[in-house]
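The chains carry the letters A, B, C and D, assigned in the order they are written, with residues numbered from 1 in each.
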Amino acid sequence: MQIAELAMAYAQSRELSERLCEPLAVEDYVVQSMPDASPTRWHLAHTTWFFETFVLARCETDYRPFNSHYQVLFNSYYNRVGEQFPRSRRGLLTRPTVADVFAYRHAVDERMAHLFGRRTSDESREAARIVELGINHEQQHQELMLTDIKHLFWCNPLWPAYCKWSAHPKTTSRGSLRDPQPPHWTGFDGGIVEIGHAKEAFAFDNEGPRHQVLLQPFHIQQRLVTTGEFLAFMNDGGYRRPELWLSLGWSTVCEQKWTAPLYWIEQDGQWQQFTLHGLRPVQQAEPVCHVSYFEADAFARWSGARLPTEAEWEEAASHIQPETAPHHDHFHPQPVSDDSARLAQLYGEVWQWTASPYTPYPGYVPAAGPLGEYNGKFMCNQYVLRGSSCATPAGHTRPTYRNFFPHDARWQFTEIRLARDPV
Amino acid sequence: MQIAELAMAYAQSRELSERLCEPLAVEDYVVQSMPDASPTRWHLAHTTWFFETFVLARCETDYRPFNSHYQVLFNSYYNRVGEQFPRSRRGLLTRPTVADVFAYRHAVDERMAHLFGRRTSDESREAARIVELGINHEQQHQELMLTDIKHLFWCNPLWPAYCKWSAHPKTTSRGSLRDPQPPHWTGFDGGIVEIGHAKEAFAFDNEGPRHQVLLQPFHIQQRLVTTGEFLAFMNDGGYRRPELWLSLGWSTVCEQKWTAPLYWIEQDGQWQQFTLHGLRPVQQAEPVCHVSYFEADAFARWSGARLPTEAEWEEAASHIQPETAPHHDHFHPQPVSDDSARLAQLYGEVWQWTASPYTPYPGYVPAAGPLGEYNGKFMCNQYVLRGSSCATPAGHTRPTYRNFFPHDARWQFTEIRLARDPV
Amino acid sequence: MQIAELAMAYAQSRELSERLCEPLAVEDYVVQSMPDASPTRWHLAHTTWFFETFVLARCETDYRPFNSHYQVLFNSYYNRVGEQFPRSRRGLLTRPTVADVFAYRHAVDERMAHLFGRRTSDESREAARIVELGINHEQQHQELMLTDIKHLFWCNPLWPAYCKWSAHPKTTSRGSLRDPQPPHWTGFDGGIVEIGHAKEAFAFDNEGPRHQVLLQPFHIQQRLVTTGEFLAFMNDGGYRRPELWLSLGWSTVCEQKWTAPLYWIEQDGQWQQFTLHGLRPVQQAEPVCHVSYFEADAFARWSGARLPTEAEWEEAASHIQPETAPHHDHFHPQPVSDDSARLAQLYGEVWQWTASPYTPYPGYVPAAGPLGEYNGKFMCNQYVLRGSSCATPAGHTRPTYRNFFPHDARWQFTEIRLARDPV
Amino acid sequence: MQIAELAMAYAQSRELSERLCEPLAVEDYVVQSMPDASPTRWHLAHTTWFFETFVLARCETDYRPFNSHYQVLFNSYYNRVGEQFPRSRRGLLTRPTVADVFAYRHAVDERMAHLFGRRTSDESREAARIVELGINHEQQHQELMLTDIKHLFWCNPLWPAYCKWSAHPKTTSRGSLRDPQPPHWTGFDGGIVEIGHAKEAFAFDNEGPRHQVLLQPFHIQQRLVTTGEFLAFMNDGGYRRPELWLSLGWSTVCEQKWTAPLYWIEQDGQWQQFTLHGLRPVQQAEPVCHVSYFEADAFARWSGARLPTEAEWEEAASHIQPETAPHHDHFHPQPVSDDSARLAQLYGEVWQWTASPYTPYPGYVPAAGPLGEYNGKFMCNQYVLRGSSCATPAGHTRPTYRNFFPHDARWQFTEIRLARDPV
């Protein structure tokens, strides 16, 4: 990327984070609703800390930290950078205030602008790579800002809406609220295929190296599982039949008393779901959402199918370009469409659980230095998700992208696409 | 109390709550730093809910709730009023916002003003008693607002100050920072004495009935235990010697890794304490503060003394009128004075743990209806504290007052006064 | 007590502990069913350790410990003796085996016998006092052996019986299984009375000093609360009505999901209770048993009565001598009798909760040295029980005896006797 | 397998379980030292329940359960069989006694012998397959009996030995206690290879289907990591350097305060390890043992290497036959030998962690019915171990065997063999 282009991407990304905050009251920035989620003000500050720590501190000749406390307060998990304020206590901090955090952002933006204005050099090419990483990092946090605020609002019996509902913009052309047709299966031949990122453009280190894998022939569903299909699972006793679940999944169902996806509640015999647009009746034609790996796996078993591996998913998705149109006008998946002749809903609706534990690709080596902690050290007890969601920023989507969450996580926009062996 | 007087007291108390919030940022109102503490916005709303529920709902002919959700959200523990939002989750609510809460306060104040303007009747005499209770209730929460914000700020490594430190206003006349003289003991004869409130003015129900108790002769210290004396206990291994502690206290010391009072930290070999005025060096002449019942009891044992019972304390204090001067200019106890000829520091500095579990007085019967839940149902696993603290509002202090907290509570302004049997 | 008498009492007590074990399998000696309970083999060893540590180690000229590990393994809570194996892990020890523990007992018994045979001296008078304490200590553990084995067997769905049921031996003469008459109230005048032990015979240190207390006039029920009366409380929603409970009690009801006394289960619509004689139908005429302080307090409130204070209980009981006949033929309270003209069932059936927190009497000073840890350090967060139970050894019962347990303890034989103020 | 052969294998396996118990006292059979471990008496009963439930109940014409309670008490996790007594409470059961459990075993053995004597039929071929599974199942529990008793004895400060130490029987011929030579690396070419069991003999369902995988070229160490090498890691700050650990591993190190492998303690500056033969000094030439996946992974990272995948391990091991000699004369790995020209110590010393999460092989389908719960439902949050250990029964070892445990498990005989990419 050229510097000018990079500066533009930086500015757009930084602006988007702040635009996403517009519907919030000051109070909403502060609270941490569970250890897995972070307060909005922390996301805003941490993404800024990233640029300050990994770009400004390296490239500014007379670098001084904006505030030496922030180096600890807003360090997420980089042990090689230094001490971190404990993750589970992020919601105890009311200072620096939200206004202070915005001031921090703007000061760093100004210093970044100054850097962008400097002449290119070898050193700055390395810096440019880190800036690009920082932009992608902030995009990840933009999605988390939305999922975390959704969880926070869910904890409030007033069920505040983050923003108004507008009819799904593409409902007329691509979907409808009528019950969709049964899904088609698309077959693939298997054999030796290549997966992973070849690094001709930006990608996270965990997407590479590109390498060969051997696939057996497989089938994959053309569209996502709908809420209506998931209700059939529920009505068939899905949450009460241990034989459908992994052992650990069944313990979780019992301990957490799960009876439906997260954010569903029954009111007067009707299922409602809490969305960023407030409480809405469950729509059968919409993709089911906010299910854990355990629920995705149990649903697949109940269906006589299975989840795809990440290699299968990537192979199936490999010839379909992610749509690039920005879409930050709705934060809920849109109804399933019947008329697609090809794999649909890969991107921009909901992340899709795969059957693959999150492990390093053959030959994977984390970057040297603290940035090596970005991805590699989390390769344990997590499962890979593929695609992208309605909360993923435009431009942050590609076939090789590896998202990952633990098996019981439900507060992300997570969903099911089925696969099976040929019959 | 006459209605006009009552209206004035109401207005002053309501105003004080808001004045205490002036140093706060919006963010500070929202967070709950531990289950025992509540967010400031909750205190502001709950005290308002009290008047709405127990006065407006009874006295307004066309009563409608300000917001029906608030009836649940801001009900603390009144089962007979209805459901309660869980105490430990108060910090998850970012809505209603702080501005909404102030609007709630002002709407209720206006409706209360309207009530005050009505003609007196029998019914209103009963209402007047509840208004007086509500004012005293709000005063209790004013103290809690200060202790809870202190705990919140303590969790923040920036250690924000609630307000500036000003030299102890009475230091010249009544105390100094020099090490005080050893304390005097004042002797009392024992015999049958009367304790408890006779109800000629306002008192909480747990202060009565006034009744006779039989006391053995006893001695009580003229002043409070100083920080210097407590440091001697610490330096003598006080926190490392199980023989000085109750069994449950020793478990707490080990589990919580207590080595000093709450809010103390060691920096470069010097003890500092966190106050509402920020971090300050420990002053030997000041009363020690933020100790639990366990620490008070262990210190007394180490001293060869004991804590007074609440009857002993009340008998000793019975001829000394609490000072009535308002003092909301400092929120930290002032140094001990040497020149007092009588019992000193009973009020306005720090609450004093007694050896008495919090139990009902003989003949105690809680009020009928929900207000009977105010005090009586907490008479279990708590100890009585007497006096009042630098955070207690003016006019909320009397010899019969029974404060109570669990044995391990340290975030209140709590202290030690020693007693002993005659030698 | 003369030495010969003491030696006899020692032998009888030691023999009783072993006799109580006769119905047990080796396996039953080993397991700890909850942190509050201890394995039988631990009780057998700890009571032996007590004599070894406090008598042999002081009186034997050439004292050597039986096994130096035992000094830690079987020290319960005496910090001044030294380190202790953690209480909650007592059930992890399978060695020393049961046979080893019996060998330990017999070796210590032999060495004690040798001591008893020595000539009397001043030193031995002090030793005699400790031996007497040790005998009473072992008697306390004999009761705990029974309550702990009952809890262990309750955890086993086979519900093993500790011993066979035999018809209540005194049923014909003193009680019957018919519903008893409503209880009589006996009135007392109040005034200054003396309570506490005067030390003319053995008593624990917490029973003294004997001292004056001032009582208001009060009434107390002639007999204990029956199972039938408690069922009426249950059927009236007793476990579902928060207004009947202390706040902490209500939390406990909700968290522990209490719906009946401990050891009750409903089978085919009938209440059964687990006893040391196996599962038996609840008998309406029997005293209710295995209720916590919280349940006793809630039942009293529901009855329009209250629990007696320990001073009231002692004053009421002061002219009634405990029965001295040994009765280790049944381990379940016997039915209530109607024909008593005086206070009945004070002793030998079930312990009776009082309204009194366990605090030191005026002037109480624990013994010097480790034995001072016996009682004093537990005077916190416990309530006093009076009387004695069907599991209390003969001779271990007196009007001044202060038993104590936390508010939620239910595995002891604990019950309710009501008191009230005069009307 | 022929019926006679099967009957012989059954008898030998059943006899081995009981032989392994010979060193135990009755008390040792009863206790559960942690939720992951089970009491010996439970292992003895559960393996018997397996034959009763899956063989006798199907094949006996007049089947009656030995004891209907046992169906629940000794069901481990088979939801399709019915209810289960909770795993974490297995140690609360003192009845049925050990003698009862042996009686249960012998009664089932007798009924099995009767079955073996019957004429062959189609039905009995299916039964024979289940008997073979039951024998292998009991062999797995034989290993667990040893690892669980080791953990139990470790909890006892007396550190009892399960059996006496005898010099490693093969030390002279194959190993020595001198520090071994640095390990050799053996290279493999990669390409498409086959792994998994082809079912020509007994294997667990999770070992198949046999299928092709694509391997990159790799190197693997000829021998296991020694205690001496692991000490070098420890001395280099291995347990104090977060950069060497997975994020979850580092949390575990901090929370559990790990500073060495399980069963190691430092005494007078010397490392000792607790073995089934009692406490012994750490020997540098022995394989390190009782390390978790986290420690294996961190050690590999520190070494500049990695763990092998299970496919790499199986490919490397594919031409080496497990030794078949029975070896139940020692329960501790033997010293590393220098003179091996090929891959050594694959079997019979310690299990080797692989980098592979435990997932189903392509095309894996669990058996129909309850036995489908044997392996499949645990394929989540566990890692595969390969090889076998000194506690594995003879004949229970093969190149395709997939053992699996969670990442933090350390009480199994688990170890490290390093792999790396070609340089």
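Structural remarks
As a working rule, contacts are C-beta pairs under 8 Å (C-beta built on N, C-alpha and C of every residue); 3 or more make two chains touch, one makes a residue touch a chain.
As the structure is a computational prediction, the values presented were derived from the model and not from experiment.
Contact with both chain A and chain D is made by no chain of the assembly. Across the assembly, the mean Cα position most removed from that of chain C is the one of A.
A straight line joining the Cα centres of chain B and chain D is 60 Å long. Once the centre of each chain is set as its mean CA position, chain B and chain C turn out to be 38 Å apart.
Look at where the CA atoms of chain A average out and do the same for chain B: the two points lie 47 Å apart.
Looking at chain D, no residue sits in touch with two or more other chains. By the touch criterion stated above, chain B contacts chain A in their complex at residues 25-31, 33, 41, 69, 72-73, 85, 89, 91-98, 152, 155-158, 160. Listing the residues of chain B that touch chain C in their complex gives 77, 79-80, 192, 211-214, 216, 242-243, 245-250, 355-357, 359, 362-363, 373, 377-381, 407, 421.
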